[in-house]
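Chain naming follows the written order as A, B, C and D, and within any one chain the residues start at number 1.
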């Protein structure tokens, strides 16, 4: 069950980095949602390799094929099959990796688990797997947009030691897309860009932090006690390659406040129950409270380095190796649409669960 | 599906804080595991209320009843039903909460979701729900111990601004259990204890950080791509009440290192593949690499405050309220066994998945 | 995952025949459903042992305890925990079975699977496990009744060679409950009763057929392609102890008709789309068509015989044995509420799935 | 979750009859299984349209593409993505069906559920969906063959009133494949063939019965209490288009025997525990007992008729219509590989579950 995610809006992905292709099946998307191939492609283009000087040079058009489940521009309610074929798989680049374990990569752990692996470009462990998530996330995002008028917005907040100072409430998609780093602070984005290029030129790599927000959610999304909104988001976000931590609201900083300092007090805003502050990140007891949902994900620096590293072979012999394959010196700019996708997928799933959580909503659904 | 967790070693919990009782069904525990009621009780006793001056005064013996699935001291392979009856439910303490929304609690969000709630002591949102997790986690822990000779060890690393300086590799269970805070640094534990009592006397509360480790795991646990070990742990740990962030290995600090600084190099240790350092926290590509699994969870300060707070009623009227119910001024000491439980549950689940992940292991299992 | 059933309205059962007790957790029942303990008890009383001369003499009051999820007469939306304690477990009756394999029973197969078993009264394989299903089914039935004004009605149609001639459309619950066989044809019921008593007196047992119907279902229940309504019903019904076949509509007889004879033609009835005949059993392509859902389940004769049978011991030695434990000479009368329960559970599950299957219904649910 | 099947060996299918293509993702197949594209193709060729005079004339080469999960002839343990593109979709044939509801088809029920449908050739409700099952079933079959040396064998036992008299124990694959009907009784096969051609020439259709058997299974497959082997098989088999009943062992005939006549007595055969007879169909208490697993599925006559039928339009107007699309006058010959597939899928799933059901097997798996 490792390649499926979600309960009501469920996706199942497949594909290796240098195999024939990748794809995803979406099962449980309600019928009647208007969506075009272009809308899905748009999100894939945001994560496409080769989009800038600070991303991998691999050339993939990542053209999505809709094999089923969408007819005449609308979802049918049946399983949506989406496929992208790999084009630029220079498998030869990876011949030298066949029998060694790259530091920081999953080569060794895949071998330990499966006793066999597709060594080309990391196989199933490659970041390229995100194609499937992003394609499915585009459909989830459209569903949210269509039903709630909102969806997730993520951006790069930190690269290595460079932290942007941004008012999160004012961030827009166009600000995010305005530069190649996907940091809505243009000046900091320039510095980040330079830092990434510098690291690249040194055969090194950088990590950082992505922040996400979802405004305008209704209160009530989230299933106690194990499928809390925060729990499912944590799983989805920690399943993204290179993620190392996930937090909601103040996150780690919450430990430094007392209860009297941390509690968000309830107040009326425009006749509706709201909170004065939003340290909780829009979730109470694992259920959305109608305030902006927000949090952060930390990504480690890319494990692939264009410099010599010592490592072990399958036969336990020491060897030197230097990566030749194309890669991102910093995964964050292209991870932004991936974060959007995972958050949208979790929210779409929980929106369906919410719809049937009480008799009142259920009765309204069944009226005809 | 909100009250179930796990795929192969699956638990389903139920129970409200002030209802008749709580319980859990474990489905998928292999037959033939030797386990006694006492072993389960032992873990429950670690999280039992009323165990010290810095925990809630609620008196519950939390005696576990084994209703099924264990016979003559061994698991039968069938569903294990465990029940704990509530004893000290002073529901009257909560009468004043019936129609108001406590800040930082899930009262409002439960109402938004369900349109109805059991207001007594937080109902299903209460920390008391952890009884079920801890009971199930005891069985998972025994399974791990029996098969691998290891299981999770957690401790309090930080309370508010007080951070312990501990060599994590040397921490033992007896060190953790040596004081009421469950911090294996005895001097810091005293300071933490004082800080919690101080906060309590001021009607305030504190948060902090719990660290966990699992030594001696085999390499290969973790399912790509959504059920990564880290992803499932993140979900399990973020489903614990009051958790705000979860991280693995260096976590947030990973963003501050370059790739060359962060990669753990493979080396041979005692003839086996190991890593020189363990910044990754024992997981590569979501799969255990045979090194110590470790990470941290941040908990917010308890939302319940024994002081006046302004809030809203269900009818959207402003009101003052001061908590009367018993509560923990700092959830961390009693959250330690809960963290152990969730980690053990995830590992037990992944151990079963690992056993059938390749043909070699599967064939060995089927030999007779 | 063997003890869970359902996706949206999910139940998890536990309990052995002669253990401490049995129970079930219902996860996913919408909040706000009015239901009393008495309503659940009523269904349990229908399947209770010792209710007549043709059922087992075991004395169990089967009193249900509601441990969670129902508060002040309404469901909370959280997990509903239900428990029944065993009272009349005369385990001594089964001492002679500890090391032998009863013909037609699951003793040998449980040993082959688990390497250990609770031999007392069949343990987990006992029909007594149905207590959990029936209790959960009562809640599902109430949900259906409340939302659709209908729920399942089952009755005994055949015992051994005795087949009742009944107009299924006119059968009512009171007709079914009017006699101990639960056959709404009173004259045939008498003959069946006599046949069962006769078999009992000979230490023998009888099987038969139960028919079920659900009138007044909306069209649209059923998920293509694997979770068809018929597929999920087949699974639920074939999971009942002693069931040997399940069919829908004409079932096996359908093979004897040509397509021109079998197709139900669409016609307007009272301004709504209906079918002239109902050979299909109310389902087309696995989805309900608004006609009466109906089908049949065949039960084998009880395996327990109060007469000598030759069999093998665990050590593969031949032995003679004669059952001493209490049992039903014909399982059908008490299987009727079990069939009701499974059908109601499947329908409740599919009703929730139906509510979110298209954007129109989903939008209506979310309006507020 | 409608398009997924299985728990450990899980498949997710997608595709409409006249969309771009169909496919399936297999998640949970153990790594290291040797399998070629040809082996999968072989099964698809058995169910391919246009294979004889008694099947649909639609021309599809049904060439399978392996997009992921198999590398250098072995499974990787990761998700296996399989795709077949549609070639001969003459959608024009179905223009007249856009706004009417064909009798016996799912047109009306899909509309009731989704409010939208792909009317071309039945869309998702088409028998063509079985491409995905059969492809996945081929992998499951290979796994069984590789681990147990056995897999499912199905054949046509009855067409309309023509019943073959065959010794089931002696039936071989080559006998089944020896004629276009897939009935191993050559004389009866000829009569069946003639009957189907006769029905076709009259614009009519026929149903019938398929029997399956699996020899050489170990005892112990099947999860109590809901995921019994029989329950899961019933679900899988009842999810096949046009199926109307499923039975195990004697099935409906079991009702006509007394317990003394029905019980299979345990005996030693070649030093192993076996049963003298096999009326139970190889399953006791939902768990395999090591005897041949066998049962039957009844299929209704094809709903598509090449003759005038009266029906209703979407606007509830009466209309005459006569099918033009290509179809099978009897689905059974091509349903045989579909039955094989579903049985193999269930068995593969249960084999993995069996491997971790007790501590002994689990320990052996983990030894290294």
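By definition in this document, a residue touches a chain if its C-beta (ideal position, glycine included) is under 8 Å from a C-beta of that chain, and two chains touch if they have at least 3 such contacts.
Note that the coordinates shown come from a computational prediction; the quantities given were computed from them, not determined experimentally.
Think of each touching pair as a link: the shortest run of links from chain B to chain D has 1 of them. The interface with the greater number of C-beta contacts, when A-C is set against A-D, is A-D.
Each chain gets one centre point, the mean of its Cα atoms, and the points for chain A and chain D are 38 Å apart. Rounded to whole angstrom units, the spacing between the C-alpha centres of chain A and chain B is 26. One simple way to say how far apart two chains are is to compare their mean CA positions; for chain A and chain C this gives 44 Å. Multi-chain contact residues of chain D (touching two or more other chains) are listed as 1-4, 7-8, 13, 28, 31-32, 77-78, 113-116, 124, 218, 224, 354, 357-360.
Residue ranges of chain D in contact with chain A, taken from their complex: 1-4, 7-8, 10, 12-16, 19-23, 25, 27-28, 31-32, 65-69, 71, 74, 76-81, 83, 113-118, 123-124. By the touch criterion given at the top, residues 1-5, 7, 13, 101, 103-106, 108-110, 112-116, 122, 124-125, 129, 158, 160-161, 199, 204-209, 218-228, 230-239, 241, 243-252, 254-268, 271, 273, 275, 280-281, 283-290, 298-305, 307, 309-312, 316, 353-354, 357-360 of chain A touch chain B in their complex. Note for the complex: chain A touches chain C at residues 7-8, 28, 30-33, 77-78, 146-147, 218, 224, 351-352, 354-368.
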